[in-house]
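Multiple structures are listed underneath, in structure tokens.
Shared between the two complexes below is subunit A, which pairs with subunit B and subunit C, respectively.
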Partner chain A sequence: MTPALAHYLDVASRFHAADASAPAWLRRVRSEGLAHLERQGLPTNRDEAWKYTRLAPLAEGMFLPPGEARAAGRSAAGAEGTFIPAGAGRSATGAEGTFIPAEAGRGAGRLATPAEGTFIPVGDARGTGALSAVVERLGLPGPRLVFVDGRLAPELSSVAGLPRGLTLKPLRDALREDGDLLESVLGQRALAGDSALTALNAALLEDGALLRLAPGTVSEVPVQLLFLTRGDSPVLASPRILVLAGESSEATLVETYAGVGAGATFTNAVTEVTLEDNASLHHYKLQAESDTAVHVSGLHVRQGRDSRFASHAFSFGGALSRNEVHSAFAGEGGDATLNGLYVGRGTQHLDNRTALDHAVPRCTSRELYKGVLDDQSRGTFHGLIRVRQDAQRTDSRQQNRNLLLSESAQADARPQLEILADDVKCAHGAAVGRLDAVALFYLRSRGIPRAEAERLLTYAFAREVVDAVPAGPVRDSVEGLLALKLPGAARREVRA
Partner chain B sequence: MALLTVRNLHARVAGKDILKGIDLEVRPGEVHAIMGPNGSGKSTLASVLAGRDGYEVTQGEVLFDGKPLLGLSPEERATSGVFLAFQYPVEIPGVGNLHFLRTALNAQRRVRGLEELDAMDFLQLAKEKSKLVQLDAAFMNRSVNEGFSGGEKKRNEIFQMAVLEPRLAILDETDSGLDIDALRTVAGGVNALRSPERGMVLITHYQRLLDYIVPDKVHVMAAGRIIRSGGRELALELEEKGYSWLGLQDGKTAAPKGGEARR
Partner chain C sequence: MSTDTLQELTRRPYEAGFVTEVESDTFPPGLSEDVIRQLSEKKGEPAFMLEWRLKAFRHWLTMKEPNWQAVKYNAIDYQAIRYYSAPKQKPKKGSLDEVDPEILRTYEKLGIPLHEQKLMQNVAVDAVFDSVSVATTFKDKLRKAGVIFCSFSEAVREHPELVKKYLGSVVPYSDNFFAVLNSAVFSDGSFVYVPKGVRCPMELSTYFRINAAETGQFERTLIVADEGATVSYLEGCTAPQRDTNQLHAAVVELVALDGANIKYSTVQNWYPGDAEGRGGIYNFVTKRGIAHRGSKISWTQVETGSAITWKYPSVILKGDDSVGEFYSVALTNNLQQADTGTKMVHIGKNTRSTIVSKGISAGRGQNTYRGLVKVLKSAENARNYTQCDSLLLGDKCGAHTVPYIEVKNASAQVEHEASTSKIGEDQLFYCRQRGISQEDAVSMIVNGFCRQVFKELPMEFAVEAQKLLGVSLEGSVG
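Here is the complex of A and B:
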């Protein structure tokens, strides 16, 4: 057993023992998670699903769940930098973390360097006032739950204005109050037996959110879950989000993850979504953790007949980021859109894995993932589309395109189609390229300096994914975060 | 003083000599036409003047406004007042036409120490200038040249020129591939932009353009050299007798053009 696995098993056992008063079913979920983690061990490159991504930072970080992390706050330990992870498969480069600071000779058109490893520039983010400022900045109009270092922060949350038929509850409350419901749905979409990270999340389950839509409920305003990590403790946050969308209901859910201080943290989020027949969910994940964070998330969806699911995953932060989206069609006529944009700099490692299970006939899926990679960053995309034997009339398209901004940036594109039905339309494409030299010359020949021209083209490449987000506060938020990463790039153009 | 002085310019592309000693002098207010068969080096000359990558100047010099031009980056040349209308305008998906042009104009204004135009002021200017080439607002809001017809792309080049107000405009086969109506529109735009301070170099394969834009000087280029220069009558003579009159073969079916980057 590796020291890292021993650490996390130990941590999970202590957590389990400390909450002996939890309901029996919850204790069972946690202990099964623990058992699955022990059986599987942490993933290594030998695991097919983790071929491109090493979880070494977890071994070096030795993160702790919220309760213990708070007690072992970094300032108390006086060891700032102790828990800096080493990026994906690279050795640590010093106390300030794994990102590359601004260096001489760096192309001016490149991505911005992070200020002190923090993605969201907020000054001293540790105080409550600063947290409010971050919430102000990243918060969307509408109901929201805010979590700080893995636990609900009620004073920053607001659930006013919820439409009738929509329930939004902190999971810590739901675990106590809605035991029967949760026992029947928790862990049904995301199976602890399938992934060690899901198992770890289950073993440390304590908070998150329950979003429930009664049949026919249509929520116009987005519901936001905002997860903040302060970086002053080596916290392992394990949010679990459950979405139960009744027949013909419609909602928009935004998960925003942000680091507000430099320092290593580990977020291991699991979201489980059940869409009943004809339900619709727009799901947005805005990941803007600090550049020293480890972020892993798994979004698991089951789609009923005629349901619509759209996922837009923006991965901007993290020393190591893993974004997983799995959707399974359980009824005919379903529609899934999986979009993603990952923007890396320094030594960031941004990993995306999607899996679409066309298990039944006449479902449609559209997938577009784009990566912009600078410095020594690395982006990976592994997209599986499985079309089962009965899934006739499947219509599926997948695209992955990567833009490399430096010689040492790297992209791995791995589309994977498994088609067992014969009457299907499936297309996929993958590309890795650089800025178009001819377009660059055209812009420069009009007087636009090279750096600015490069930014224009870079933003133009990225905006296809941004523009897939309907105009409104969510898109504004995405653009705001993207502008931090591509400073000076065009926001909106002038309209005549 | 001459606006543009080209002296004994030699240039090569991918190891192949294309320009073999060009001499040219353009004064403010003059319009020069450079004609010649395909493969004669006309477009290479335009590319070298605009600073495109991949063109190696092996001899000679170019002065713009009395100062050396060849050491400048493309954006520095643009800012000092050189404009190239592309033979094949580039499509740039995702970059809005107006945003692009405002960025360009403001980049130039910044260097010249002028105040940048805000979106509203720029819009006014763009609307006014777009009338010159009858480019309607719908085009201005689309991505740069994306999905434009050939004629729309060429009109967009002239529109950009109208907004940027260069001191020297090099029009690289702006007339090629245009129907007569589009040619009239483009030529009308160019004529409106003639001024005593501005020089123009029209690079063209067809004499037809010169029915609409009357040049002050005409040069015939062949095999990397200017082999004959004269007034407008030279173009007419060329039209009448064809390139073979000068002992030239029109290289349309001959060897591929040297190094022209075509998307």
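Here is the complex of A and C:
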């Protein structure tokens, strides 16, 4: 057993023991997660699914769940804490997660100037603690839950204006209040037996969100879940998000992850989505963690008949980022769109894995993942399309394109098709290259300086994925984050 | 198309499935250092060969059989295989007249007459029967050009310096489970050396035949094209129809020195097993070439046989401006499984590679393309184009595409495209309305699908390949 695995098993056991008052079913979910983690061990390069990504930072970081991390972070950083710690393990004081918002210093909330070659955290909330300014900056109009270092921050959250039929609840409340429901749905889409990281998330399950849509509910405003890590403690945040979309319901969910300060953190998020017949979900994931963060997420979806699911995953931050999207068609006529953009600088490692399971006939899927890689960054894409034996009339297309901006950047692509039905249309394509010399020449021949021309072309390349986001606050938010990542592009930004 | 015609036609027998009655000299089943020593002694090998074999065997004992490939098969009992089987005959012949007439008849039945006057023009053949080479034709003509073309055993005896220099230089003794096993127990194969600046005057060809039961065939081919040399090499394979599975684990090494050009074509038609998946050859093959500056290595393969095919002919593009090509048609019918593809490793500057893979699945066949394109940091201006198309004939078969693309140099341009489709009703209708029978129409469409690959084959082989595809596929479209 590696020291890292021993550490996480140890941490999870302590967590388990500390929360002895949890309902029996939740204790079972956690202990099963622990058992699966122990059985599988943390993934290594020898696992085919992790061939290009090394989880070494996890071994070095020895991250701690929110409760312990707060204690550790406080003792290390002295009086810096802007939190009132909830104590190791959720003690029965009733003060769990009490959060005192820091002074909302307007000036401190401004974005930092990009340091050369590294990604900049969205703000620096240490010391002055400008969390609410960060929330203002990254928050979207509409209902939202804000989590800081893995736990709900009620003062920054707002669930006002929820449409009828839509329930948005912090998971910690739901675990207490909706035990029967959660017991039947939690862990149904994301199986702890399939992935050590899902198992780790289950073992440390304590917070997250539950989004429920009654049949026929149509929500126009996006629901946002904002996860901030401050970096002043080696926190391991394990949010779990459950989405239950009833028949013919429609909603938009935005998960935003951002680092607010420098310092190593580890986010291991799991999202489980169940779309009933004819339901529709637009899912956005905006990941702008600090450049010292480890970010791993798994989005697991089950699509009912004629349901529509669109995932847009933007990976900008993290020393190591792994973005997984798994969608399975359970009813005919479903439609899935999986889009992704990963932009790497410095020594960032951005990993994307998607898996589409066409288990039933007549479903359609479209997939576009693009990577822009500069400096010594490395981007990897592994996309699997599985068409099962009875899934006739499947129509599936997948594209992965990578742009290498520096001599030392790297890209790995693994588009993969597994097809067991004959009456299907399936295609995939993958490409790696640099900026088109002819296009550059064209721009330069019209008097645009080289650097400017390169920026324009790079931005245009990335823009294709942004353009797939309907105009509105979500796209604005994506553009704002992209502009941080591709300096210069912001000035040419065209607002729709 | 009706299911009846489909079934009728897929039931078509394997034409090369007969057994030749010859007395043979066979080892008892089993594998140990003693067996290897015996084998080496039998072949009169110099000491370095025995050492190399033993080194490989000891390494093999520490290895595990790979399990990542998308093929399923019953565990192979390596102790139940006979590692040597040779037809009994007088010591190696000077002329074909001394070869057992029974064996000559076998090759004639297979359409490979070994009498030079009857031969396909301009193709020299090395015939390998079970573990040994029984005849090599046109040796004199080749010798005049300076080309060495002989069985591997002969090369070890006659040209030990060349063998010593190049054996294992591309596929080292420690390479992978099956290649290591081959290094320990390989019995024969072909050896080709084309000297500097020589263009080999004729096509070279090896015909492999597994005859004896319970044997494994472990042949090793080594082709060296010296600076500026050019050679085209073909191989063909068949085996009798048996209910048990037989293992074939071959290794092919190609060395293309500066400016050389090697073209390697395979038409593989090992016994694929019957419609219920009984019997058939397990074909686990390691093929790799190393391309030095300005050289070119081209692999073309038509894989229609074997119960299991596991092979990835690869090119290491070591020298600047070197070129690698891979053209493949793989067909799986009934319960056949193929996991095949290529590796193109770009090391030198301005290296180029092309991959065209056509997979056809019928019956309950499973066909996987698995390939790697790797551009190392040193490979400035590397270029790769990959195209993988799959054709599915029937709703019980599978087509899988598993490409790996790893790029560490920004100046590289790498493209991969893949598609999966079936024969369109409209295409068939178009042919039918012009009076072409259903069967001919399918055959035309499939041949069109494979055209890009077939046109890379030398003419004689292209004809054979088209025929083979016709036989293996007829009626399997429903």
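The definition used in the following text is that the second predicted complex is superposed on the first by the 436 of 496 C-alpha atoms of A that agree within 3 Å, B and C clash if a C-alpha of one lies under 4 Å from a C-alpha of the other, contacts with A are read in each partner's own complex, and residues count from 1 in each chain.
Convention: a residue touches a chain if its C-beta (ideal position, glycine included) is under 8 Å from a C-beta of that chain, and two chains touch if they have at least 3 such contacts.
Please read all numbers here as calculations on a predicted model, not as lab measurements.
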Which partner does A:E136 reach: the first (subunit B), the second (subunit C), both, or neither? neither
Under the stated touch criterion, which partner chain does A:L443 make contact with: subunit B (first), subunit C (second), both, or neither? first
Is A:R434 in contact with subunit B, with subunit C, with both, or with neither (first, second, both, neither)? second
Answer with first, second, both or neither: which of subunit B and subunit C does A:E452 touch in the superposed model? first
Answer with first, second, both or neither: which of subunit B and subunit C does A:E418 touch in the superposed model? second
Tell me which partner A:E407 touches in the superposition: subunit B (first), subunit C (second), both or neither. second
Looking at subunit A, which partner touches more of its residues: subunit C or subunit B? C
Kindly classify A:A460 by the partners it touches after superposition: subunit B alone (first), subunit C alone (second), both, or neither? first
Considering only the contact definition stated at the top, list the common interface residues of subunit A for subunit B and subunit C. none
Which residues of subunit B touch subunit A once you look at their complex with the stated criterion? 50-53, 73-75, 77-79, 83-84, 86, 89-90, 92-96, 98-105, 107-108, 111, 119, 122-123, 126-127, 137, 140-141, 143-144, 160, 164, 261, 263
Give the list of subunit C residues in touch with subunit A in this complex. 68, 375, 377, 390, 392-422
Subunit C-facing residues of subunit A, complex: 48, 52, 389, 392, 402, 404-434
Subunit B touches which residues of subunit A in the complex? 436-439, 441-450, 452-453, 456-457, 459-461, 463-464, 490, 493-496
